[in-house]
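Shown below is the structure under consideration.
Note that the chains are named A, B, C and D in the order they appear, and that numbering of residues resets to 1 at the start of each chain.
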Amino acid sequence: MRLTVLISCEDKKGIIAITTNCVAENEGNIVYIDQHVDGQEKTFFMRIECVFSNEDSASRFHEQFELGPAKQFHMDYDIFSDRQKPIMALMVSKYDHCLYDLLGRYKSGEMDVEIPLILSNHKDLKPIADAFKIPFYHIPVTIENKEIAEKQQLDLLSAQKVDFIVLARYMQIVSNRFISNYENSIINIHHSFLPAFPGAKPYHSAYKRGVKIIGATSHYVTEVLDEGPIIEQDVVHVDHAHSIEDLIVKGRDLEKVVLARAVKKHLKRKILVYNNRTVVFK
Amino acid sequence: MRLTVLISCEDKKGIIAITTNCVAENEGNIVYIDQHVDGQEKTFFMRIECVFSNEDSASRFHEQFELGPAKQFHMDYDIFSDRQKPIMALMVSKYDHCLYDLLGRYKSGEMDVEIPLILSNHKDLKPIADAFKIPFYHIPVTIENKEIAEKQQLDLLSAQKVDFIVLARYMQIVSNRFISNYENSIINIHHSFLPAFPGAKPYHSAYKRGVKIIGATSHYVTEVLDEGPIIEQDVVHVDHAHSIEDLIVKGRDLEKVVLARAVKKHLKRKILVYNNRTVVFK
Amino acid sequence: MRLTVLISCEDKKGIIAITTNCVAENEGNIVYIDQHVDGQEKTFFMRIECVFSNEDSASRFHEQFELGPAKQFHMDYDIFSDRQKPIMALMVSKYDHCLYDLLGRYKSGEMDVEIPLILSNHKDLKPIADAFKIPFYHIPVTIENKEIAEKQQLDLLSAQKVDFIVLARYMQIVSNRFISNYENSIINIHHSFLPAFPGAKPYHSAYKRGVKIIGATSHYVTEVLDEGPIIEQDVVHVDHAHSIEDLIVKGRDLEKVVLARAVKKHLKRKILVYNNRTVVFK
Amino acid sequence: MRLTVLISCEDKKGIIAITTNCVAENEGNIVYIDQHVDGQEKTFFMRIECVFSNEDSASRFHEQFELGPAKQFHMDYDIFSDRQKPIMALMVSKYDHCLYDLLGRYKSGEMDVEIPLILSNHKDLKPIADAFKIPFYHIPVTIENKEIAEKQQLDLLSAQKVDFIVLARYMQIVSNRFISNYENSIINIHHSFLPAFPGAKPYHSAYKRGVKIIGATSHYVTEVLDEGPIIEQDVVHVDHAHSIEDLIVKGRDLEKVVLARAVKKHLKRKILVYNNRTVVFK
């Protein structure tokens, strides 16, 4: 049985020793350890994966860790077991490339996750959901019905015990009320290298500015549009000969890959958020 | 004798044929042709390199081209001869990495250019200029003396018949008056992927925003700070473990390469500017 | 009506002028021209796209070009019309990622092509073909039946007037007899940066050698395994922490993108082959 | 006082705990920990940086570590103190770009190292050594005098207590006798993405093969030419329009950066070698 422990706390001496000891005392074996110290903020971050021979020793570790190191160092921490598969929901609109890509990876076993539902404000992508045999809920969203629509969405998500949500080119702004239910658990893909070109139509802006690279950024959704903690970014070179349409086509390949990388890192519990930034362990 | 012809005009039928014909009729051989059409703006751009067996046929071509195609299609055009080496001035402050890099390339024969002078508002880099045997002029710039200082700079540049200026991490904003003397002929290196993080301390802003890539941008200097036409951009991946100091060190390698690429493209007459964007021929 | 003309011949004076003239005389408008000279081989390559107002002027151009420039300069040339959509066949085995990717792009209109059939030596990917409504032919291939199997394949391809074939991770070596029917028209994706790691299991070899980058290469298939003319290559960084399985997963994303780029360039008639190398126009 | 500990041993339970404990008991603070397990080889690798308040506690740790964890787990290990600056020698021939680059970085404080000497089989680069005020020894190497020349080189290196050697485009093959004195301590830069194009003239081979990327590889020198453990690799895209000369110029920028990155990682004690592969900690 494998536990993944994510820790953050004030940086002090001895945190690593006391924590690794606690694993060893319960006959756990650390198969991965990575840590980071933010020198300016004097904050310590650590990610440990440890294997226990049985559930008993794992839960004994959990208990001792809570009462020992976690208490002593006032840690914020999360412990995840490989016995519990994360549950992911997808929200989409009309663009299909990210949806195809994520479902293809899911199907080929690249992502260890359950996908109990896809939500959309349009019907267009239902055939894809059908082809992959995933329930698809069409909930139109307008200015008038937004509150009710989000209530419906939240009910569906909650009924399926969804852990995190991926906005796979979902073309609606989600409300703060919605976000507050899934703090650091809504992953968005924005089609520019943020902070350049936030908001609508970034490829048009990129064309107009005459940039020689375009990018994509995946980030957690927060109350401020396109300003959440960045998980992953990548770019591709372009030149004067690329029309806006060319940028859109080139950008699609980026969006797919950057979103998939972010989702996989989230799935593997590799990400810690603080000060609107991410620590992404290797 | 080799001529490089840069053309822009309204997009119409027959421009390529009439131009290439004009070369052929004067016994020139086209060794390179590249063209671009901006469909939205209905503007045509072309770059031709052609070899003439002697100066006579070259100047006959020049004349016929001016009276023929250029006139007929109301072209903006420039004709450069390989007999005239471009003259480049460098302006620097205290950072030495771009200066070392450019002079190293110059020394190793990578750039076919003359460098008659280096201007600086600080004395720090004089030893490098000395080592490379290039005259170095120290002209301090303050808020008070800026107008006079720029006058001195312009006099020196003009005395050396400088064609274009490279700001190799020159840490002063040049005035509009200065710029107007060298339109699309002052190349700057900015240490971010513009339009993200314009202005001062981009690495600090990048760190704060928690981006996963940092970049560098070379562009022509215009009246609006860091908003001139972009020539070249590149980026490098970073992560949470990089301190601001790390970003600065990583960024240096980018700045050097991105600036050098831009300078080499300018030198080879590969760049056309329009609408605050560049066409950069291959 | 748009024609794309691909030309190669001995490098001589006046080729561009006579060719562009021939377009102009038939009231064609050149919307794209790119050329390349191999100085060592003294060979000239050119790609022109020109728009004619009607079919008559286009075919007049075709005729005049054939009798004029093409004859005079002993050109090898091809002329493609946008009225004739290229016809592509896919050959696959068990891996689905490249197939998903190509069909997704096809579906979203990214590739202007017809796909009348998918051939496979295994049944596994039939459901994908079905989902995209493309006829799927299962032709098992063994050492014993290879000749007969290829005969069947060739019959199906020929019946559909297939222009070119994409081996989307097709895990069989095709015979010289097969190749000779589709010279420079079979595109393969090899999962390494050739010429490193040709042949089977390149990710295993890459792991063993401890490389810090892995790559993918798309190339035309020739008689010598993995030594055909390279169309496109790309790489991704890896490190010691990547297991062979990790390399395979990372590599998949590369394979998809590199193959798709090659197919799109082939479709747009951007590739000329000579001396086992490619000229890939922009 | 900061110690860097590099460990490798058979993978077993409790190694991290016992080691981190040993640090904590001597009032050290771990500021960095990274580990890797090669699952196939069942080998454990770890790198720890720890800060001790004084030399006494540091040497107490050293002693206890040796008698405790190191003995118990049969570790191979190295402990480096930040009080001892590494000593690096450069060996060059006629190419100057890597030399300029490394000395520029050294000068600007990017590398915490001493450079007591530069060895060369040619006189050409002496002026650069002079400009940077580093002793330059010209030792010509021929087939006849190779043994004697290497003896002279080794004497000079040994007199300066050189820790490691960087072959900055040194165009001679060093003998096994020479290598045996500096196991995993001679860093070479090869101008291709190994294992493609080993040996002489890789840019010529790359051109001939028509590759679309060229690369550079830094590696430790072993008895088999260009087959030592790879430290760092990178590539850049090229196309048909690049002549061999263009590849050489483009490659130079890669060689500089790839070599500099390898040297910096070696300097920071980030590299462990096993089975002709490297573990390069972050």
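Just so we're on the same page, contacts are C-beta pairs under 8 Å (C-beta built on N, C-alpha and C of every residue); 3 or more make two chains touch, one makes a residue touch a chain.
The model shown is predicted, which means the values in this text are computed figures rather than measured ones.
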Report the chain whose mean Cα position is at the greatest distance from that of chain A. B
Selected pair, greater C-beta contact count between C-D and B-C: C-D
Take the average of all CA coordinates in chain B, do the same for chain C, and state the distance between these two points in whole angstrom. 37
Centre-of-Cα separation between chain D and chain C, whole angstrom: 41
Find every residue in chain D that makes contact with two or more other chains and list them. 241, 282
Of all residues in chain A, those that touch chain C in their complex: 96-97, 100-101, 104, 107-108, 110, 131, 241, 249, 252-253, 257, 260, 282
How about chain C: which of its residues touch chain B in the complex? 13-14, 16-18, 20-21, 23-24, 27-35, 37, 282
What part of chain A is in contact with chain B in the complex they form? 36, 39, 193-197, 209-213, 215, 229-235, 239-241, 243, 275-280
